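Both of the next two complexes hold chain A, though its partner changes from chain B to chain C.
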Partner chain A sequence: MDLKEKLVSSFLAFENEGKLDLNSNTHAARLEAIKSFEGNGFPSKAIEDWKYTSLKPLLKHDYCLFPTTKSPVGFKNIRKYLLNDIETYTLVFVDGKFSSFLSTTTHDDCDVCVLSSALNRPKYKMVVDNYFNKIANKNESISQLNTAFTIEGAFINVPKNTIVPKPVQIIYFSTGSEKEVLLQPRNLVVVGENSHVQIIERHQNLSEEVTLTNSVTEIFANKRAVVDYYKIQNDTKNSSLIDGTYVSQKMQSVASVNTFSFGGKLTRNNLEFYQEGEGISSHLNGITILNDKQHVDNTTLVNHKFPNCESFELYKGIYSDKSTGVFNGKVIVKHNAQKTNAFQQNNNILMDDGATINSKPQLEIFADDVKCSHGCTIGQLDETALFYMQSRGIPKKEARALLLYAFGNDVVEKIKIPQLKTKIANFIADKLKVDLGFTL
Partner chain B sequence: MLKVNNLHASINDKEILKGINLEIKPGEVHAIMGPNGSGKSTLSAVIAGKEEYVVTEGNVVLDGKDLSGLAPEERAHKGIFLSFQYPVEIPGVTVTNFIKTAINETRKANGLEELAAKDMLKLIREKSDLLEIDRKFLSRSLNEGFSGGEKKRNEIFQMAMLEPKLAILDETDSGLDIDALKVVAKGVNKLKSANNAVVVITHYQRLLDYIVPDFVHVLYNGKIVKSGGKELAFELEEKGYDWLK
Partner chain C sequence: MNKFTEDDLKKDLENKEYEYGFYTDIESDKFPVGLNEGVVIAISKKKNEPQWMTDWRLDAFKIWKEMEEPDWANVTYDKPDFQNISYYAAPKQKPKLDSLDQVDPELLKTFDKLGISVDEQKRLSNVAVDVVMDSVSVATTFKKTLNEKGIIFCPISEAIEKHPELVKKYIGSIVPKTDNFYAALNSAVFSDGSFCYIPKGVTCPMELSTYFRINESGTGQFERTLLIADEGAYVSYLEGCTAPQRDENQLHAAVVELIALDNAEIKYSTVQNWFPGDANGKGGIFNFVTKRALCETNAKVSWTQVETGSAVTWKYPSCVLKGDNSVGEFYSIAVTNNYQQADTGTKMVHLGNNTKSTIISKGVSAGKSNNSYRGLVKVGPRANNARNFSQCDSLLMGNECGAHTFPYIEAKNKTAQIEHEATTSKIGEDQLFYCNQRGIDTEKAIALIVNGFSKDVLNKLPMEFAVEAKKLLEISLEGSVG
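This part shows the complex of A and B:
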């Protein structure tokens, strides 16, 4: 039985055993989604947006769909994966299940809790009905699969006029309780008018076993809301991640999604921004640093539908060994979206002959009074710059690292949480195997 | 201090240097002049150890030690400094951080402890005062958006910080107006001592009004065709290079 059949045939049992409410709108969404997945299956390279990323090698595994944790996870096992030097709300999931013991939730000024309780409690029915599965792309089969098996994840609900005082950390751990595990977390983030929240998301395999995570996050930024979302992708070599993050913005809101991809076997990020009002600002930033045979695909969409909005997209990539990268940046400016200011940039450095980047800017502009620019570069490390640094006594290895670090620096500079900025800078130094001796 | 012995060097199998001999003693200033394509920049790059050049014959000796096979950074650690004609821009790395890294790597290579932050700061203050450099300049990204004059001043600032035995200034005057030229020359003169030496590579005699050489060498077609005192520079200015060919 192949993976698709296995998933489809597990659906009934999943809903029954999960004691899910079969009269809810969520049930209807699941049902529709599994039908859609059954019809379309996993995306293949025949689909334009999946041309450079093949899921085939991931699909041959016999994944356990509903793992149970065998060895308990304590704080000491996970400490190093958390941002510890600042106060945060923390949502920790182990093998797909929420760990209240390792988490710090709140219901005071806002709700930082789990999606399962939001789906089941009458109190949240309206929020769920208004927002759940409203922005996730229904043409994306892999996201439909996630919707079908939605049961757990983070739920962040910020009422209007609220500044969430601490960043929220969402971390999904897998423990290798089975040889091959498929996890499908689902996050819902709703940010009210004039409210502000910062969120950090991470997926981490604590074992050497095979893990595939198919995650979907929906983010709603209401009028004048500010949302900063950070994704840390630095997983082990047997872990793969398919991420669908869908952002819907109302007028004058500001949203950023920052993706830091340093690890894992295969990572696919589908990131889509939909602007639903005037005066919106959308920011998409990313740094990808890969080696060995790692693969990262950043496929992004910014959909400008209203006038006087802006979007800024900046992705940088450094590829060594036989790693491969994909940048697929689509920007749509609809007829109505006059005075749009859309900026896109993708810069890449290939360190070795075997490394590959496929970069594809795709601008579809239907309005006539707009400012749109895009730029893409693929190059090697500047030999003259290396010689310059060496001639000042900086050894080649350090000179190389310093240049690469400088290359990614403008993305790092955009991180608004200082402790996270330091952590990311350290990841980069680690990944480049140097001690820079200072933080930039 | 530095001895260049019958140096032959080529790039992509094309011979550029065809037997250079040069001796530089502590406290001396040498000027190397010559028309375009005579090998001036190649000579400085080969002394500094640029890897694209292949030395086919002869060698470069610093304080009795053959530099053959040493990487550029190892030569820098031994006290060779090359000021670039076109200094490289490195966005995201401040002047201060760059020079800190350079100094500490050099100290490490010479078996010294890294300089404490406080001492580093003191040194930076001292040298920037000496060269009349605005401190704001030091927190800018290295050479990024610098004017031609700022780039060259930054080179001299780095030279002041690294205190090399032998400084090679490759076309430091190119792209500078006369005021900027004076500032840079003043800096070089302040750093000159009985223990170090300077090699000035230039097209024109102009810079030599401000950095006065003890010796002038004319490079032509990969060889030194004439050497003399500072008056040779005036002669070249007047007559051009043709009479030497």
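This part shows the complex of A and C:
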């Protein structure tokens, strides 16, 4: 039985056993989603947006869809994956289940809790009905699959005029209780008017077993809200991640999504921004540093629908060994989105023969009074700069690392949480296999 | 003087009739509509082709029948009915001429109207013209001069007859029959086209030029151009097109193959001004062309194109940089207006070491048109030190048109250096204001600015063409800008 059949046939059992409310709107959304997935199946390379990423090798595994944790996970197991030197709200999920004793939630000023309770509690019915599955791309069948199997994930609901005092960490662990596991977490983030929140998301496999995570996050930034979202992708070599992040922004809101991809076997990021008002600012940043046979695909979309908005996109990539990088950035400027300022940049460095980069920066523009530009480069380190540093007594390896570090620094500088910035800087140093001898 | 406003400009342009829309009344030898093996054989017979060519065509036809019409391009149109097209039309009189006196005066008049009188060309501009009028070459000038150098420049049907070994060796070698839907169709039914061979070490003393015209109503034109520059040869080739005004959509599916052997250089320039359809998007030509060049060691191929016509343009002049140190260039201006759609660009495939490519693409969209750049830069795993620079700029005029960029960049070699940049903008109000302030009226200022915008490409055109290209730009842009 192939994976698609397995998923479709286990859908009924999932809905009944999951103690889900079959009268709710989410039930209808689930039914529609599974139908759509049954029709379209997993995306293939024949689809333009999946031209450079094949899911085939991932789909041949016999995934366990509803794993149960056998060995309990203690705080000491996961400590190193958390950001410890500042206070945070923490949502920890182990094999798809919420772990309340590892987590720190709140309902005081804002709701930082789990989606399952939001789905089932009448208190949150309004929020769920208004926001759940409203912007997840209905044409992306992998996201539809997630919608069908939505049961758990993070739920962050910030009322208006609230500054969430601590960053929120969302971490999904898998323990390797089964040989091959498919996890489908679902996050919903709703940020009210004039509110501010910072979120860090991470997926981590604690074992060497095969894990495929198909995650979907919907983020709603209401008027003048500020949302900072950080994704850390530094998983083990048997872990793959398909991530769909959909951001809807209202008037004058500022949203940024920063993606740091260093690990995992295959990572696919679908990142889509929809601007639903004037004066919006959208930021998309990413660093990808790969080696071995890793594959990372960053597919982004910024949809400018209203006048006087801006978007900035900056993706940097360093590819070694036989790794493959894909950048597929689309910017659409609709008819009445005059005075749009859209900027897109993608810089890549290929370190070894055998490494591949496929880049496709697209612009689709229907308005005339706009400033849109994109740039894309593929190149190497500057030999003269390297020579200069060597002539000053810096060993070649360190000199190279320094230059590469500087190459990625533009993106690192955009991180607004200092402790996270240090952590990312360390990741980069680790990945480049050097000790930089300094911290930020 | 009344102020010439943007709206005036727009109105002006909409009312602008297609200047070259006239129809030459020459009796024509035309096949009934429809396509089957019989028609393919009949075309081949008509051309007195040898058996191998007929078989080649039939093979292509077989392949074509299996293929599906592609629809990935960013254009929408009513798909042509391939059974409703006549696949062959040739002027009935087919004189073999030594001088212009023998040419049908009606034909000459057509060229006069186009401002490309063969007579004038012959005397003044030193350009040999292989005139293709509805698929059959009627007059070929400067044959003698070319003959002395050993250059073969003739209709492809003649080449099949006289130089079968060259045709057999190279036809379909760059654009195989299986390449795409329209290439297969062309391979099966091409009626005529140009063939050019420059022998080793010869620099062609003049610009070779072919003027294509689609004349007969309802005939698709299937041109086949094969150009071979042998080792160390140089040639500059010009291709220009205009067509009469017609209401029904006409299909043009040409194939152009360029072969630049070691150290050879080919410069291929196109000015395309086919009927774009009227202000309501009615009529116009479908231009689905496959153009590709192969560059051997140290060879250089340079494509320059000015695209102002056709209702739907779908073409990607490409370079396969196979030899070491080979160079590919692509310079393009595409202007779309009213309901025109253009999806054009290039493919640069780097296979050899130290290969270089440059892409400069300028798109201007006005009215309700859509203009897309679609390009591929590919660096193979063994292509060391490949270098590419791409620049795509779009200019939008008005709020109903679209400009799109779809660059594909695929690098598999660590020594590759690729740069791509694209911008989209409109004509700056401060620029206009500056010109106005200096006493230049808006329309002239716009012409000035657009001219500057396209200068990078216009400069690459040969002298004779640059003048015509500027004229065409003015016709297409006059009033549309703003």
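In the analysis below, the second predicted complex is superposed on the first by the 439 of 440 C-alpha atoms of A that agree within 3 Å, B and C clash if a C-alpha of one lies under 4 Å from a C-alpha of the other, contacts with A are read in each partner's own complex, and residues count from 1 in each chain.
What we mean here is this: contacts are C-beta pairs under 8 Å (C-beta built on N, C-alpha and C of every residue); 3 or more make two chains touch, one makes a residue touch a chain.
Just so you know, these numbers come straight off a predicted model, no measurement behind them.
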State whether chain B and chain C clash or fit side by side on chain A once the two structures are superposed. fit
Mind telling me which of the two, chain B or chain C, contacts the most residues of chain A? C
Determine, under the contact definition given at the top, whether A:281 touches first (chain B), second (chain C), both, or neither. neither
Taking the superposition as given, does A:353 touch the first partner, chain B, the second, chain C, both, or neither? second
Contacts for A:361 in the overlay, against chain B (first) and chain C (second): which applies, first, second, both or neither? second
After the superposition on A, what does A:104 contact: first (chain B), second (chain C), both or neither? neither
With the two complexes superposed on chain A, say which partner A:402 touches: chain B (first), chain C (second), both, or neither. first
Reported in degrees to the nearest 10, the CA-centre angle with chain A in the middle and chain B, chain C at the ends is 70
Partner chain in contact with A:369 - chain B first, chain C second, else both or neither: second
For A:394, decide between first (touching chain B), second (touching chain C), both and neither. first
With both complexes placed on chain A, how many Å separate the closest C-alpha atoms of chain B and chain C? 14
Do chain B and chain C touch any of the same residues on chain A, and if so, which? none
In the complex, chain A touches chain C at residues 48, 335-336, 338, 348, 350-380
Going by the contact rule at the top, pick out the chain B residues touching chain A in the complex. 48-52, 71-73, 75-77, 80-82, 84, 87-88, 90-94, 97-106, 109, 114, 141, 158, 162
Residues of chain A touching chain B in their complex? 382-385, 387-396, 398-399, 402-403, 405-407, 409-410, 436-438, 440
Taking the touch rule as given, give the residues of chain C at its contact with chain A in the complex, in rising order. 72, 381, 394, 396-426
